[in-house]
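Below are two complexes that have subunit A in common, paired first with subunit B and then with subunit C.
On to the complex of A and B.
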């Protein structure tokens, strides 16, 4: 074995297929996107690539722009800042609502309650369902008409009488009254889009955590119980620290998933402008506006942010006692 | 007995092989369209394809995609991967493909059809004086009215002046009937209301100039038109639920009698005509009689077929595209999924009454403006749509609309 490994050419040749795939599928497109982000061109009309330097970044990160002809300052409709803010809100909700919920369910289920397997399947089911179907399902829930489950429930309980006027007062983006159009206003559309996203992936994180909890050595738990630890203390001092690596993975998935979120918002509302996220803006710029340079710039920003958050989360979860090799 | 069975089987196999060879001899052409199972034009394609296959001795293999998916797919397809014939929207959408040299020029083949296809129908797919797409049907924005509901409000006919329309809306609201339904989930549906109002305020010529980028959006008359539209919304003439409804639901609500009016494309004529109830078609009334007339319409020949420049046999594909275009127009007109871009050379007595009414409006039209999102190229069209959505949500007023578009587009 040692002799074989000493042949560097052999090692290189064995690694080459995987390396080619890795570079071809992951690294090359990132480099190409970075290259495109400094250019502007229309791929459909086959226009020449025009080098624009940092202009695309300037457009995406400027809330106000100046008209070159008139010198007037105006609000930039392609501003990425709002979409990024929405993503960060989703990331925060995922981390501080979705993951704790998944952890609570995983902790409860791992205690061997009656119907454990059935509950596992039920909680995991939304992950298995196609996002388009989930979008359709929640469209029906949010339907403002009599068929809408949410509004029908609110009306049956009489909550709509005070809730709808209160929401109307809270809506600042429009002069129209809120009468149950959950996806119709910027303020409500964002929340309406986030709820199914959070709901869908609770089961996914729960399953990861559940598997981790099941891996906690029984002798550790027994020792804690013999020492008089209550359930909450066992969870806090034994189980949660033990599954810290899994929690780290869950946080990374939740945060990067929030930054990349696209499909459910698109399935839920075709006009995504009321709940714009970086990915929906990227799709619009690439395939509706035919602004390939600008769309690629959003892609680069997303890649950088996902990488940055993954590093930051890994840093936050580092084992402070461990020495760096 | 065994020998007989073997003989029959051998004969069947031979027949199969022979017919396969006969089939293989036919040139095969690929076609991409948006005529999915649920598309109003699907029956027209299903009737047209076998007819053309038989007439020209070709085999046509069609693949259909949902509207939005199709736009993404066709834009991201390289010239070499395009099918022989593909569906396109005329105007700027097709223009991008022409600019990229992905489309075969149809001038030569058009000569054979010049008498059946008025050249004016090709104007939206003509670039630098050359024809690049075969129009299928044409469509205009139509004001559909539920006459049963209008009668409840005391109206026997669709109002033809703006003042009458407003009085009618007030009467409908007083009776607890919602006058209009419009989907806010699909911004193009909002343009079906806003564009006729702007056209009937500033006139079709001025609007064409703006869409072509030769005139500015900075026109107070446009701001006034937008404010009028918003006034109709805030006065409760529009279903407030429409903000978060899709177009299919809004249309179903109209057909079910929830709204008195539904303004949308004439491709809905067949479906509305076949629905239970008394429906009539009209145009949005004039807002400024000095600049516009009742007969000015939004629309035109928009759906078309183009031939890929990379097709193995573009001349044959062009021939098939024209034959298909003519037949799809024929069957689409009879089914009520569009108005004829081609001069009918068949019995039109079976055309549905509502379709015939709209066809008459087109024949009497005094000016036409292509749908804004097709008239403008992709980037300005989508910036325009983003502000149209804000208008319907009452997030910006008329002054904000013209200021934003002036700054972003000019």
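On to the complex of A and C.
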């Protein structure tokens, strides 16, 4: 039997469909993207590929550029720094607001509260809705016109009278007064983008954590209770260390998800520049400016960052052996 | 722990908070469905002159049920918005992707777990790279490849890239399931004269049905909701999928809320209805995808 099982042609044929898809559509394109990032070309005009060295990286990482003809210095609309800052802010908000919220609720639900599965199922539901739909729905909720739900609610409660002037004062990027254009200002657009993300994904993290907590052996919990541990102590010293692998997955998802995020911003805002993310910048470079080399460079930076953060987070969560508990 | 399941008064505050969260969760959907059934006048508010010639202002109806159920919004979203066609396109693409992903990942998993060869651990790790690679990474090269093969604006332009990006998760989940199938079965079949292909097709594949559901659900949601590839690789309405269709509709009807709400509802309800019946299964798919990762 051993011989049949290690017959080379069979092994190759079994792997073939997966290899063709995986190498053809994931691995080869990444290598091509890296190659493109050192070139500039225009697919629409079908120009030849021109080798530009590190020029694309320089353009993306400098906020000010000099016009080669006039010598004038101007603000670079292709600057990647802001987009990266925005996605890191989203990553931080997701990690430090969304995940603790999910953990608190998961801890409460998993202790056998009446109707826990029903609660969980409802909280998880938004995960299944397309992010485009959620973006569009929230665009309507934020609508500054008479139909917008959020502003109508704030007006009905009278909160707008002090909240809007306060936001107006806080806004430095524009002289326009704030009258409820949530996605119209740099200062509010990112928060406006985070709320739907929180709404959609808090249930996802909650589900994973809930499943993890349910997997904690019952005798471990009973022993702790017999030793007189209070609920908070059980959570802190037994459950949370036990579900560390799941917390790690949640943090990786939250951070890489924020880096990759595209659909929501693209659907939520007519003009994405107020909350520009690497992926929306890439989309603009590729399909509005036809700068295929520059767009590929953003893709390369994204791949590198996703891997880097995945490794860093795994490192931060590595087992410190006896130090735990 | 079991007796704690009973409804306790001390839990009242907790329940109250949980119910507030339920309302926050469901309200946007309720709002979407109600405005999909309202006229623009009702959504935005309007004014009219009464017999005495006074202007009467009618404020917008934000949260109430529609005064008049405007089903015409749905007719418009289906006809002018072409949502029916996009729905069928999304279904065709998703079904093909699921079939390809399941076949390719089961075959690869069989080679990775049941066949004996050097380097299979490395190969498994290689496939797992796909879990971290963002979909954006492939856009320009895949776009050039598709345009050279004249595959832009076809179902294939979406099916193969989606299947490639679903593959890593498919293999990850399948490895777990296939490991649970006893090896004795292979051996017995081998002694009966079966080769590896027949063992795979007649013994392993039928026992992988639970994995079909898990991989299928995960893959379905990925491609049903995908926007970036669908926007770039398909520009003709003939092959457009639902998320892009919804996005386009907003361009056409910037000020007409009713049909927009109807389109959003048409794109959302099917998944929600399936979820109501299969919630446990769907949740398990997500847990399997994350925990084993």
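Assume the second predicted complex is superposed on the first by the 299 of 325 C-alpha atoms of A that agree within 3 Å, B and C clash if a C-alpha of one lies under 4 Å from a C-alpha of the other, contacts with A are read in each partner's own complex, and residues count from 1 in each chain.
Heads up, the rule we're going with is that a residue touches a chain if its C-beta (ideal position, glycine included) is under 8 Å from a C-beta of that chain, and two chains touch if they have at least 3 such contacts.
Please read these numbers as outputs of a predicted model, since none were measured by experiment.
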| item | value |
| --- | --- |
| Which of subunit B and subunit C A:75 touches, first, second, both or neither | first |
| Partner chain in contact with A:265 - subunit B first, subunit C second, else both or neither | neither |
| Subunit B versus subunit C as contact partner of A:99, first or second or both or neither | neither |
| Contacts of A:181 with subunit B and subunit C, given as first, second, both or neither | first |
| Subunit A residues touched - subunit C or subunit B, whichever exceeds | C |
| Which of subunit B and subunit C A:255 touches, first, second, both or neither | neither |
| Partner chain in contact with A:114 - subunit B first, subunit C second, else both or neither | second |
| Partner chain in contact with A:130 - subunit B first, subunit C second, else both or neither | second |
| Touched partner set for A:287, first subunit B, second subunit C, both or neither | both |
| Partner chain(s) touched by A:43 [first = subunit B, second = subunit C, both, neither] | both |
| Contact residues common to both interfaces of subunit A (with subunit B and with subunit C) | 43, 145, 287 |
| Touching residues (chain side subunit B, partner subunit A) in the complex | 68, 71-72, 75-76, 95-97, 99-102, 184-187, 233-234, 240-241, 243-246, 249, 253, 377-379, 382-383, 386-387, 389, 393-395, 403-404, 406-408, 410 |
| Subunit A - residues contacting subunit B, complex | 42-47, 67, 69-70, 72, 74-75, 77, 142-145, 173-177, 179-186, 189, 269-271, 273-274, 284, 287-291 |
| Residues of subunit A defined as touching subunit C within the complex | 1-2, 4-8, 10-11, 14-19, 21-22, 24-30, 32-33, 36, 43, 105, 108-109, 111-114, 119-133, 136-141, 145-147, 149, 152-153, 199, 203-204, 207-208, 211-212, 218, 221, 245-246, 249, 253, 256, 259-260, 262-263, 266-267, 279, 282-283, 286-287, 292, 295-296, 298-300, 302-303, 306-307, 310 |
| Touch list for subunit C against partner subunit A, complex | 1-2, 4-8, 11, 14-15, 18, 21-22, 24-26, 28, 31-32, 35, 43-45, 60, 62-63, 100, 103-105, 107-108, 110-112, 114-117, 123, 127, 129-130, 132-145, 147, 160-161, 163-165, 167-168, 171, 187, 190, 195-197, 200, 221, 224-225, 227-228, 232, 242-243, 246-247, 250, 257, 260-261, 264, 267-268, 271-272, 275, 279, 282-283, 286-287, 290-291, 293 |
